[in-house]
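Just below sit the structures, each encoded as structure tokens.
In what comes next, subunit A is part of two complexes: it sits with subunit B in the first one and with subunit C in the second one.
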Partner chain A sequence: MTYRLAPIDTSTFTAERGASGTDVGDLTVIGSVVQRSDARGHVTGRTEFFEDVAPPRLAHLKMHRSARHHARILDVDLTEAVAVPGVLRILTHADIPNNLYTPLKLIGVGPDDEPVLAVDKVRYLGEPICAVVAETEAAALEGAARIKVTYEDLPPVFDVEEALKEGAPLVNEYHGQNHFIYEGHHCRRIRFGDVEEAFARADHVFEWRYQSAPIEQAPVETTGCVVVPQADGRLRIHSDTQACFFTLDNTALILETPFNTLRIVGGTVGGGFGGKVDVVVEPVACVAAMLADRPVKFVYDRAEEMQVSSPRAAERIIIKDGVMNDGRIIGRKVTLYVDAGAYSRHSPYGTTKAAAHLPGPYSIPNVWADCHCVFTNRTPSSAMRGFGVTIADFALESQMDRIARALDLDPLRLRLLNAYRDGDLKAHRKVAEGTALVEVIQKAAEMAGHELPEAYRRMSSTTREGL
Partner chain B sequence: MPSQIVSLIVNGEQREFIAAPGATLLASLRESLGLTAAKRGCAQGACGTCTVLVDGRPEASCLVAVETVAGRSIRTLEGVAAGGELDEVQSAFVDCFATQCGFCTAGMIMVAEALLDANPEPSEEDVIEAISGNVCRCTGYRPIVIAVLEAARRRREQVVSR
Partner chain C sequence: MAKLRGRGYASVNYPTGMNLGGDPSQALIHATTTGTFVISLSSVDLGQGIKTIAAQCAAETLGLPIENVLVDTADTDTGPHCMGTFASRGTHRVGNAVIMAAAEARAVMLEVAAEELEVDAADLETDGTGFIRLKGAEEKGIHITDLALAAHFKHGRTISGRGIYLKEPSVPVPETGEMDPDSCQAHACTAAAVEVDDETGVVEVLELYNAYEVGRALNPAMATQQVEGGAWMGVSHALFETTEPYYPSRDHGPRDFAGYLMPGPADIPVQHSLFLERPAANGPYGAKGIGEMTANAPIPAIANAIFDACGVRLDSMPFTPERVLRGLDALRRKSEEEPC
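Moving on, here comes the complex of A and B:
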């Protein structure tokens, strides 16, 4: 059998490896083989995913979604839809007890800026307007297709910098402007030292621009839930959410019900990657189950998963660096735009994460950053694998490579020269600890057969000696 | 078109049920027979997670109208572990860490079963070709390929030791 086991290198940080004289102290699990506790269920097909639950009298919910990027809703005509055989009920915004929400209100992020079902306006293509509950999936789809919405088109805006210009169409009235406000400021900012002074005395100034597209998590199991009303009036929610308690609390706030009237059965997720952190199917399925007094299933089809589930945000990042001839970066200025799409979801937090990650794992004495969380008429973006950080890293490390190329320097030496060390004050006024970047680069160089001069091999993340 | 009674041989047992017009093999297995190992990932034959064996051949069960396979022999993941004992493919998937979220696993194991039935000594390329219609979005393809090769090795050893 071929395990790819990487042996633990015990030569670094020996002081932290337990009592002297022992090899690894109590650090014994990493590098050993431990069977996954869920593997047997997976290979026998007995792991229960939410859609494996099939309560009797299960009704199906399908959504009628916006056919416009940005429009006023003039009329919603349900006449033909209610006449479809098997359609039990059609929900509109008026059926949702507390129709306006934002998922991060649980940690004090506001304002509420997103309707569960659209009221008088749609702000992105595919925004939910009406929920059709029916005996069969086919009847629910037929009913949803027969709803007629009359729109008055509004000018859309799809570009973050366009959205911030004077006179741009206003995307989200609950904010009043096309950006999220951070404690009274128009963006999340870092001010450390004086970058302009650094640029003036630098040997070189490099400015480059980076841009990423939205990325769909595309889990093989689509987003969904089955809600089962209980005899005592509570609701049992089988969900593939990545965030059971977060979903429970947000759903309770939307239903205006005490948290203990809901029970989430979850924890088994057929791929999430951040795409199942938003609370988008459970609240409306709960309302449907209460009104129809039947179990209700609401699960995205593949097209919905690709079109309306929130992707990783597109980002645009401009980095300007002041660099000395020897490769030391003395000033870094970053302007970063996160495309939140039409609603906040997790993007105000993602933008803060991006700011927290700047200027990368380097000690740069002068740092300036403006990180904008921008609203546009695109699909709301949200969590995905290191969101806020991943694209920032793409930009920062591309920038490092380009500087190395421009100055004909070894890209690893450039990084070792600028790498943060334990005890350095970071741009956010936090003292760096447990950095280890120097050792990681040294080890990577060794494994890749990339030769480093003795002075660079002697560097350590615990001291600034040799710099 | 009315509903009709359909009969299948599922994991060696004769099963009869009422199929609604247009019912797929996947929906019949999951909803009529309670066999939920095969999953709906895309419902358009692109992800492979609904794969079952029809007369030994892997098929995307979400694209098969169930009446078109009436009377045929269907094998699902539930029919693989005989008497609760994991077979070579299943145990290799466990030992080689070839599962992550587990959602693609049923389809992966079924295509592996079909491959090893037809070719007891597959090359790495054969394995990659066999699973090429199955999506693992956790991107754990490498351990899956290793597990299938390991399963082939275990199965050959068993044959020799018998």
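Moving on, here comes the complex of A and C:
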């Protein structure tokens, strides 16, 4: 067995490494290289994914999707589509018992702002309108292509700051305005100390702006499921969901069936990266399986995965810092706009996670953040690896580099000087513990051959030494 | 025209677990008649390796070889609840639930062994090879296969255990944002070395130095895969990926991998990685979640290295050749306007 193995540094946190209720020397399995249990199956092709389930009489589902960014639906004409040989059934919003996506409903996080199938309006290009169930994938695609939707176009809005302006087109009537409301506030806030006072006494004030664009999770296996009606009347759902019970519970809410009539079988997934957390394929496939009384497969093609499946949100981040001549940051003000697209999905959650992450891994005594979750006429964004954090880190760490350049300081010394340490109060008022930013910076410097003065090499997360 | 080299840094932290908590996971464990321990979960393995980590945690806690552990996941008819695979929570939540279940099963295992051997359970120990032995009298012991058979057919005992881990939910204060968002924080610092072609605008990442503090590397080879695979994703985010290349315009959205580029084998930089371990008090054997964070530090490290190489500050992702060239053009115009 050959594999890459990064060494473990034993010179830092030596005492603690042996603690934590265990003596590190006594561990026999933990800390050792055990071959991944899925390795053999993956390299021999024997691993079974949901698409390897091929029940007899399997029917296929394909969506007819919105061709407009923002429009009223005046008419849906199914005449030609139902005449396509092999088409078994076409589902519209009227066929979905509870036509609402219900993310995190059971733990009290809403909102009910998105239909499973569009009713009288579409709010983004690619929004699902009708589901065609057919004998073959080709017939389902042909049926979906023959559906004729008549639209009345509405003005779309694509930019987060445009969307927040007075008079901007309203994206989602459920909210009544183009942003999510956090307990009466127009955004998720962090208020810690007094940034304006800090800016007034700072030697330098820097303000820069950062932008990202939506990013696809790009799993090798696209989002999908195979639903198989069972002899006892239940539905067995073979799914590549990242969260089996989350899928089960939300599907049951949409089907308005008792929870125990559904069974999810999954757990072996060809990559997720957050793209398989939203419950988007199972509910429609279950309705189709019940109405057609046949097994039904609904799997995204690559274009749907890239343009319709919820991506990582685009973010716009403006960071204003008050900095002293020696590099100490005494105030940081962050304005974040998360582009949620047309519906909430998990973006209100991700925006709060972003707020919790600010102002980055640094001890800054005055912090102000407004994190806006904004609705626009684009594909709803949702979870992706590093949810709420990845783009913030791009902005925060670019900002640190710019400050170092502006003050002609070593970029790693600037970070060490401001790094959070045990006992520091974070901006969200939790006392930091188990910190190790100082040590990873020191080690990276050592590895990359970046020399640090003795005083910086002696700094520690557990003491105030060097400050 | 030249290839310009530069170096950039980024240091980051990342929270373990669903933001604000309230995300439980459970594990059940039982011994078969012949001493294999089956862990029942509904947790999802996306390729990150939760099945392997669950088996390691169970084997360590039981004091048995990993060959004696099977993982059965994920069927909602048979596996107890798991919130899901996201938020860098799997190793932390599921690992803790498995340890709790395995500790309960171990206690029963030692009780039955004590009855079989006619000794006190407190005087027994496991040796990691499958035997339960009397401390200080190594010849007095019993193999787990014999013990499990005896438990079933002689003592009528079930060697089993239940585990759950929950970080109780926190509710943020709307005015100030006061909250308890995470279970612990992992840390990383990445140094990136890049080469910028000032004629084509193409950025090549030459080397990455990754220092990661992960609480404990439960399986150091899999942790290495997380760090270096995640860095690949960071390189990809930095240089290539978006579904809307001219955001906020919706035009030119790629629909396949011919239009949505990602780094191929020749684009992968040389990586040098190192782990530090500062065990988390609430982590399974001290482990923190590192599933997500490994894509983060490379992005700003590359942005900062591009500036170091050619003086172009890229404040919009991704750092495409078009953006690099526009940045270089702007620098040239600026230097022409301000002759010195």
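Definition applied: the second predicted complex is superposed on the first by the 449 of 467 C-alpha atoms of A that agree within 3 Å, B and C clash if a C-alpha of one lies under 4 Å from a C-alpha of the other, contacts with A are read in each partner's own complex, and residues count from 1 in each chain.
What we mean here is this: a contact is a pair of C-beta atoms (placed from the backbone, for glycine too) under 8 Å apart; a residue touches a chain by one contact, two chains touch by 3 or more.
Source: prediction; values computed, not measured.
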item: Touching partner for A:Y151 - first (subunit B), second (subunit C), both, neither; value: neither
item: Subunit B versus subunit C as contact partner of A:G41, first or second or both or neither; value: first
item: Which partner reaches more residues of subunit A (counting touched residues only), subunit B or subunit C; value: C
item: Partner chain in contact with A:V269 - subunit B first, subunit C second, else both or neither; value: both
item: Touching partner for A:I391 - first (subunit B), second (subunit C), both, neither; value: second
item: Which of subunit B and subunit C A:F206 touches, first, second, both or neither; value: neither
item: Partner chain(s) touched by A:A419 [first = subunit B, second = subunit C, both, neither]; value: second
item: Touching partner for A:Y174 - first (subunit B), second (subunit C), both, neither; value: neither
item: Touched partner set for A:G434, first subunit B, second subunit C, both or neither; value: second
item: Which of subunit B and subunit C A:R302 touches, first, second, both or neither; value: both
item: Overlap of subunit C and subunit B interfaces on subunit A (superposed complexes); value: 3, 35-36, 38, 42, 218-219, 268-273, 302
item: Complex contacts: residues of subunit A adjacent to subunit B; value: 1-3, 35-36, 38-49, 51-52, 54, 217-222, 268-273, 301-302
item: In the complex with subunit A, residue positions of subunit C that touch it; value: 7-15, 19-20, 22, 41-47, 49, 51-52, 55-57, 59-60, 65-66, 71, 73-77, 79, 81-87, 128, 169, 172, 174-182, 184-185, 187-191, 193, 209-213, 215-225, 227-228, 230, 233, 237, 241-245, 247-250, 253-257, 260, 262, 272-281, 283, 285-286, 291-293, 295-297, 299-301, 303-304, 307, 313, 315-318
item: Contacting residues of subunit B [partner subunit A, same complex]; value: 30-31, 34, 36-44, 46-47, 49, 76-78, 80-81, 86, 89-91, 93-97, 99, 101-106, 109, 135-138, 146, 150
